[in-house]
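Heads up, the next two complexes both have chain A, just with different partners, chain B and then chain C.
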Partner chain A sequence: MIDSGLDRRDFLKVLGWGGAAAALSGCGNTSIEDGKETVVSYVEAADYAIPGIGVYYNSTCAQCDAGCSINGRVREGRVLKLEGNPASAINRGKTCGLGQAGVQHHYNPDRVREPMLRKGDKFETITWDKAYALIAEKLNGAKGEEVAFLSGGVSGHLKVLLGNYLASIGCKNHYVYEALAPAVARAANKKAYGIEMPRFNINKAKVVLSFGADFLGSWVSPVHFSQQYAQFRKGVDGQRGVLIQVESKMTLTGANADRWVPVRPGTEGILALGIINELGMASGDIAAAVKGYDRIRVSKETGVPPGQIDKIAALLKLRSPSLVLAGSAAEGYAHGSQNAAAINLLNHVLGNVGKTIEASSSVTFTQMAPAKGNTAALKSLNDGLAAGKYKVLFSYAANPVFTAPGALKFKDNLAKADFKVSFAHYLDETALQADLVLPLDSALEDWNTQVPEYMAEGAQINIQQPLMEKLHANTRGMGDILLALVKQRRAEEYKSFDDYYAYLRAAMLQNKGALGGGGADDDTFWNDTLTKGIVKLAGSSGALSGKASVVGLTLPAPSAADAQYPLHLIPGVTASLRDGRHANQPWLQESPDPLTTIVWDSWVEIHPKKAAELGIKEGDILEVTSRSGSIKAQAYLFPGIHPDAISVPLGRGHDALGRYAKGYGANPFQILDAVFDQETGELAMHETRVKVSKTGQCVIVVKDEGSAGGKQMGRKIAVSMSTDEVDLSKEV
Partner chain B sequence: MRCLLSLFVLLMGLFATVNSYAADAPQPALTTEDSSGPQVVQPIEFPHDRHAGLRNPSDPTNSDPLKGGMEIDCMYCHTYARRSAVAGIPTLQKCIGCHQSIESVRNKPRIQELFKYWDAKKPVPWKKVHDMPDFVRFNHERHIKRFVEQQNRPTQEACGYCHGDVKQMTVARRSKGLTMGWCANCHQKDHPVTAAGGTPVGNQAYWYSFQKPVAGTAGGEVKAQDTNNIKAQGPNDCWQCHK
Partner chain C sequence: MSVNNLLENWAQFRHFHPVDDKPHDPYKWAMSIDLDACTGCNACSVACYAENNLPVVGKEKYQHGHVMHWIRIERYWDESLGVAGGGDFPEQGAQFLPMMCQQCEAAPCETVCPAAATNHTADGLNSQIYNRCVGSRYCSANCPFKVRYFNWYDYPTTDNVWPAEMNQQLNPDVTVRSKGVMEKCTFCVQRLHAAKGTAKNEGRLVHDGDVQTACQQACPTSAITFGNLVDPESKVHKQWQSQQVELDKDAQVKDQKEGGSGLRGYRIFEELRPYPSVMYLERVRESAV
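And now, the complex of A and B:
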């Protein structure tokens, strides 16, 4: 700036004068758009459509698969705002930030609008008829086993229809892939409790001991758990619940805990057995199995001081019932299932099973239950692709080119399929590799039913219905596309359904009785169902059957130090970005991470001690290198992480998807090693070892916390000093 | 030197501004209370006078369009005004609802034009005649409730406070200032800035003449708790219009 003696204040004054003059000419005494702007009226309007007055429709949030029910405000035919539907036991009228951003999925400027066919390096627009014909043609040239369908966790009638379609083309290769699904937990729960997803009653517990389960942020059904957590904090019998969080990287839940216990990555199971030993409540073979885990050994192996272990054990003994949760942070290792088993055993020993862990209800229509799967499924697809098994590959609601661990080389293998069809909202990394891209309706334009995996009270089927007219003429609902495709093979069977809506309605009406509409006439039942947006069912809930058992429970000794790659990489799962499929919604990019307050970019969380050791300061651009690749991101010094670990959040680092996602941040999926849980074959997300090196560049970290770059930049505003340094008598 | 430089920057600033709006020509003249807005060309020249104008007693069949109107209530067509903050524009269906059975004018050019839109199921692209800046929220419903429903004033009078004598217009034209000072003209008259006399005044809301509200003037003495008890409410709260 020129040194003119014209200080900032004078400068603003001048600008102010200019501004005032501009205002006079701009709006002054005249109205601003008289005679210029067009006001478009309705041609015909329903009675309830009044300009300026909102109408509300119930539907289901499709931003993640927790299945929160939403209520959308629609004004002048446009959906404006989503809120939670109070009638749902899952979310009771609330949504999370990710859910709020659902409107930005719908209005996103980067949505795919036309069917597109690959022509060399480019796509060209084609008609739907042509696209369908092309699929039929390709399928005629392929045997059933040469076709594969990759999808995210579909449920409800869409899953049924998809199953029917796959049957009609003789394809048995349906791979379900949700990159962050709690696959190890399901298997471990099944063993320990007899069902994959029991009901966790956080609100009935007096102590919650969570091993890396970020239930307030992103774990399983965060909106539901957040509300339970509020009750838990108010307390059972006036006793405020105590939360202890054991994890190597602080999550949102960890930040809320009364006691945050950093643990050496991968030793969560050892700590759990150590606590069982310390409790001294077990008998028989459990007692025998944990005998070796005395506090000194456990402390040495986990890095948790013996005093902590004592305190945790004492608290658990004192307050019952408690609840112990095994989260993805504990399960992301080659011995992840073992860790989870050890943690679940703790619940048995404490007598929590049947009290704070209960059998959940499930929908009696098992064919509608959500399809589940994680990287194990992707890996077998990947193997098949590598072997050149597939001629035709469909993909829907999954973006493995972005989320597959780099070591799988999924993108290269994908190229070996002759004809790839992608059903897509955006041109994401996977759609870009496709030969045919079919544009989908947004979740606020489409019909569907959804069955959540985690049932809060009774079972429920959620209705997803359009909140407004389609924005783009040539997108289609996934159900409509599947119906058109299945008609190619079974025209006779499906001829009475003009569209997916008709199919859905008929399917629901067929089971009217079982869905609680016995006695009502069809229209009444159907309208009632759509109005409510939820079908509540009694559901069936068995008792928990698993028994406490230590058979096969062996925990490996803590992993040895790796000289070449000394640090553990913990991929951070943030509440708003999750696996990154919604990264093109700018609200999610701009809302600060709750712990670091960083926006629009990735970062490397590193412990200040470690940083000092390596000569790293905030804002240094670090190169994080694993055996499978490397990424670059800015350093953020964070005391909430184990000194032997670093963490990079997932979800950013897209090189496609859209204008708000492409080019922002780095993608840690890319550098994940292909290490798998020994029991379930799922990806061990936390097993990747890395080293960091400084690139020499340094940036100012863009974050809400503190002032820019932690410096005042010469401005005398908000001088920061700790309160004990302030001498108030001098200030006044 | 320093002074000169400052002046220079100041002048440059002003000059740049003047320049920027001189280029925006032509500038509408500043309006006074009764001056009119621009004459707006509409896709169909809708004759408000014919629809809302007074009947001509000497023409009982109402056949001569030049001599009288049909005294249709404003709210027959502008039906949203009493139900919503925004008045909206009548649906095309509303026009057609009557006109499909008025054979006598069915072949008039304007009506033919109207039916063209209807057959194509396309809305008429009317131009906005009364526009407010986006930071102003005027609530039609409240005003209609107050004047028409509570005080039983004729609709045309109530609407006319802001929209002028529409029954004499063909295509509507803005005839009032619709500025904040203009709004305040009425509000100051009808809601005096005293707690006792009119609507209670909010502590933050003394924008009339920027004076502090005087509480309890009717009773004579002003007590501290009176001023504290005054609650922001009604048209004297800034927030009512600037949400």
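And now, the complex of A and C:
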């Protein structure tokens, strides 16, 4: 350390513990020599090869950002199946379908295998040395401000290394973009509770009133919330929790509600204020602010019957604590932040803050904390590209050519960057536009640390480690690539790390005292960490600080009818396809959508009454037209949608991404208008208005549902009873 | 035996397990599924694809009804929805039901197999012997639950089912089936075998919790319970017992009590007397909203 001329502070930054010096153990045992040791290949084939016997390795699921810990079964050197790791407080041994399909990401036949350079319309294979040299050359010809790096959500040491690399090339333009991030929720939570992502205790609530938060399907940490939901249903003292879901299009969570309340799109906030008014529990400013929202007016504006508002208010009053959630369906409007503020106010009025909403723990190492994606980042990147600001653009773990709203014309603007580098697992739509494509190791081949945004209990750092040898010789881990790139600029600081593994190990060992390994020797601590796959930390628990406030809370009147585009378009977010990055995993394509049971294709959900009015029947190919474009998809008559809205699921409609994704379905991202939330600048995903017309074509909808259309015809297959007929406390 | 004799004394001839002289001992695998916990998320189904080498058939074959999902989520709406006098919206949500082979004790599929390819094991599974199956599909026709799946194609050699690399994911503990045979849920028999082997080596019986089916292990809400029904310590035994559901009865206490029994446990199509090994717990909906 002294030889290299680095001082201690720089060294901390290199390894990711910057900003948290207090949590570091004494400097006596920071041993740079560890990084110099000969690193033994980390996937010892001999270790795996016990014929006929499966061995299990802990790692972290990379299919979404929730950070579920997984336990991979490996036999004869091949990973076969992923199970949940019971030791994780997030998923407690459970997995979702998306997580199960992680092996199909790894074994996907359409992975990129070689670095490729664009030559005219085609790509040709080049070597890694040439690729790195080319990047260095292009960066030498560009100033720091002419370089931009686009990534999905990143955390842990990868984020550290990325930050250090960007600093080394003088680039301050790191855009973190996730198409479906809960960015409005974060801002609204920060205002209402003082924390962006507090802990939601669904299991402690007697009533959950959710405004479009699909916490069982795709919202924030669904596997964790699903477990809480199971406890919530069993109830406290045998009193079963009641779920009320308010939304314009039924989500998986809505499908499990005791009462599903269809609301006129965009009026969720008005209903929340109406409930506050009906509760009569507020005083002062709040009471004054909600005074105008009497049940008759609210009913007229939201389409929810007055009697329903009464019942909801009565139940909330009777059963405490409750929990009110604001989800993406309520937040996807130009007044989305206002909707969320009105909904969060309910928690204050009901006294839920501090009971079912608690301060969450966070990792004290701010350098490693997740860089959270949003769509405002996409917009500013797009503006920069349109202005021709960037000569070099890197992209990693984001596919904006597919997910950017059509109105932004992202693909056209992307072409204005001279040199585009894509770090890619597959040739997706964005990689196809790149000049240089660098193939990545799969999530089951790569090393990493991951810090989840939503912490279930305490704080944790998750370990991602290879479950088997690399399938393809010429792919590289993202960490290894960044290390090679940062060495181009700061060779001296990173020379002791042969690869990302050495870096990661040195980084973890340097701080083992704070990571619970104080006293243990390095090898013991490291092996223990890898065995567990999770580093549990005390973390720092911020306090809830937000106050109930109606300052600045103004809800617009319900939007007027649009004669030209009479219907609201609700982009459906499904649990398995999300923003479409996993659409090339065939298990997910063939896994029926829970609500419509449709497979392998997109559809347009339309209420049967609306369909009758427009003369539409199931299977009609509809053209859905917005101000920004049009798509075609088959009609599906769906009772769980407001008649003023239609819904098309996101995730399908790829024209790249491999054999299982390309050519299946339509992409509603393409027709989204560029309307943004006024407060946060986030894309208002539900603001797009559309019209539908029949094309005259008709197909047979490929689905699991039978010809009875979801009716049991009196056969009593799936049976239901009411709470007053059963006493759950007596059950096993 | 004349047909008349057979019909008149059907109860006597109809064979179901456990028979008096051969009770289930020491194992009887059974399941219970809490429909109030099931959210319909499909994790079980994908986990089953991963564990049991189920082929992905693609859109066209799916349309032809060739899908191979051993466990599927059935989605139902309220009977009153959209009909005269009923509502326009599913105000109580949807109703989801995971459906897989019910491992019937008097399985209708077994009696019709011309090759005796499907039969009953001593531990209460309805097993399928692939290399004995001749593909008559009588079993599927006779299954009231429609949970048997036929290999219309040779999936291992079909394009894009298991192309290179994808085939490396196949579970070596489970046969890859070929064209012309019937297949279905096995209660993850390969896991049961492994657990029984381990227990035997240790000179004991399989304890509750030693073995989980793939669907049960994945289920985010722990809606699925699986275990040995004749082990009084097992959760599945306790659940069946507390719900007063008896394996060899065709009507349960729940159905007989006037004015409701407060019980939730039931078996599907019990009146057909297949004596299923899967008990469902009714979904509950709040009456106050």
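By our rule, the second predicted complex is superposed on the first by the 657 of 732 C-alpha atoms of A that agree within 3 Å, B and C clash if a C-alpha of one lies under 4 Å from a C-alpha of the other, contacts with A are read in each partner's own complex, and residues count from 1 in each chain.
In the analysis below, a residue touches a chain if its C-beta (ideal position, glycine included) is under 8 Å from a C-beta of that chain, and two chains touch if they have at least 3 such contacts.
This one's a predicted model, so the numbers in the text were calculated from it and none came from an experiment.
Once the two complexes are overlaid on the shared chain, A:L209 sits clear of chain B and of chain C alike. In the superposed pair of complexes, A:L393 makes contact with neither chain B nor chain C.
After overlaying the two complexes on the shared chain, residue contacts for A:V223 are found with chain C alone; chain B is out of touch. When the two structures are aligned on the shared chain, A:L436 is found in touch with neither chain B nor chain C. Between chain B and chain C, C touches the greater number of residues of chain A. Residues common to the contacts of chain A with chain B and with chain C across the two structures: 52.
Taken together, the chain B residues at the contact with chain A in this complex read 2, 5-6, 9-10, 13-14, 16-18, 20-21, 24, 27-28, 30-31, 37-41, 80, 83-93, 117-118, 121-133, 174, 177-179. Only residues 4-6, 10-11, 14-15, 17-18, 21-22, 25-45, 50-53 of chain A touch chain B when the two sit together in their complex. The residues of chain A lying in touch with chain C in their complex are 52, 75-76, 78-84, 91, 93-97, 99-101, 103-104, 107-109, 111, 216-217, 222-223, 226-227, 229-230, 233, 240, 242, 244-245, 250, 252-262, 311-312, 315, 471, 575-576, 586-592, 594-595, 597, 599-601, 607-609, 639-640, 659-660, 664, 700, 702, 704-705, 709-712, 714-728, 730-732.
Against chain A, in their complex, chain C makes its touches with residues 35-37, 39-43, 45-47, 49-51, 56-59, 62-63, 67, 69, 72-77, 79, 81-82, 88-97, 160, 163-166, 168-172, 214, 217-223, 235, 238-239, 241-243, 260, 262-264, 266, 268-269, 280, 282-289.
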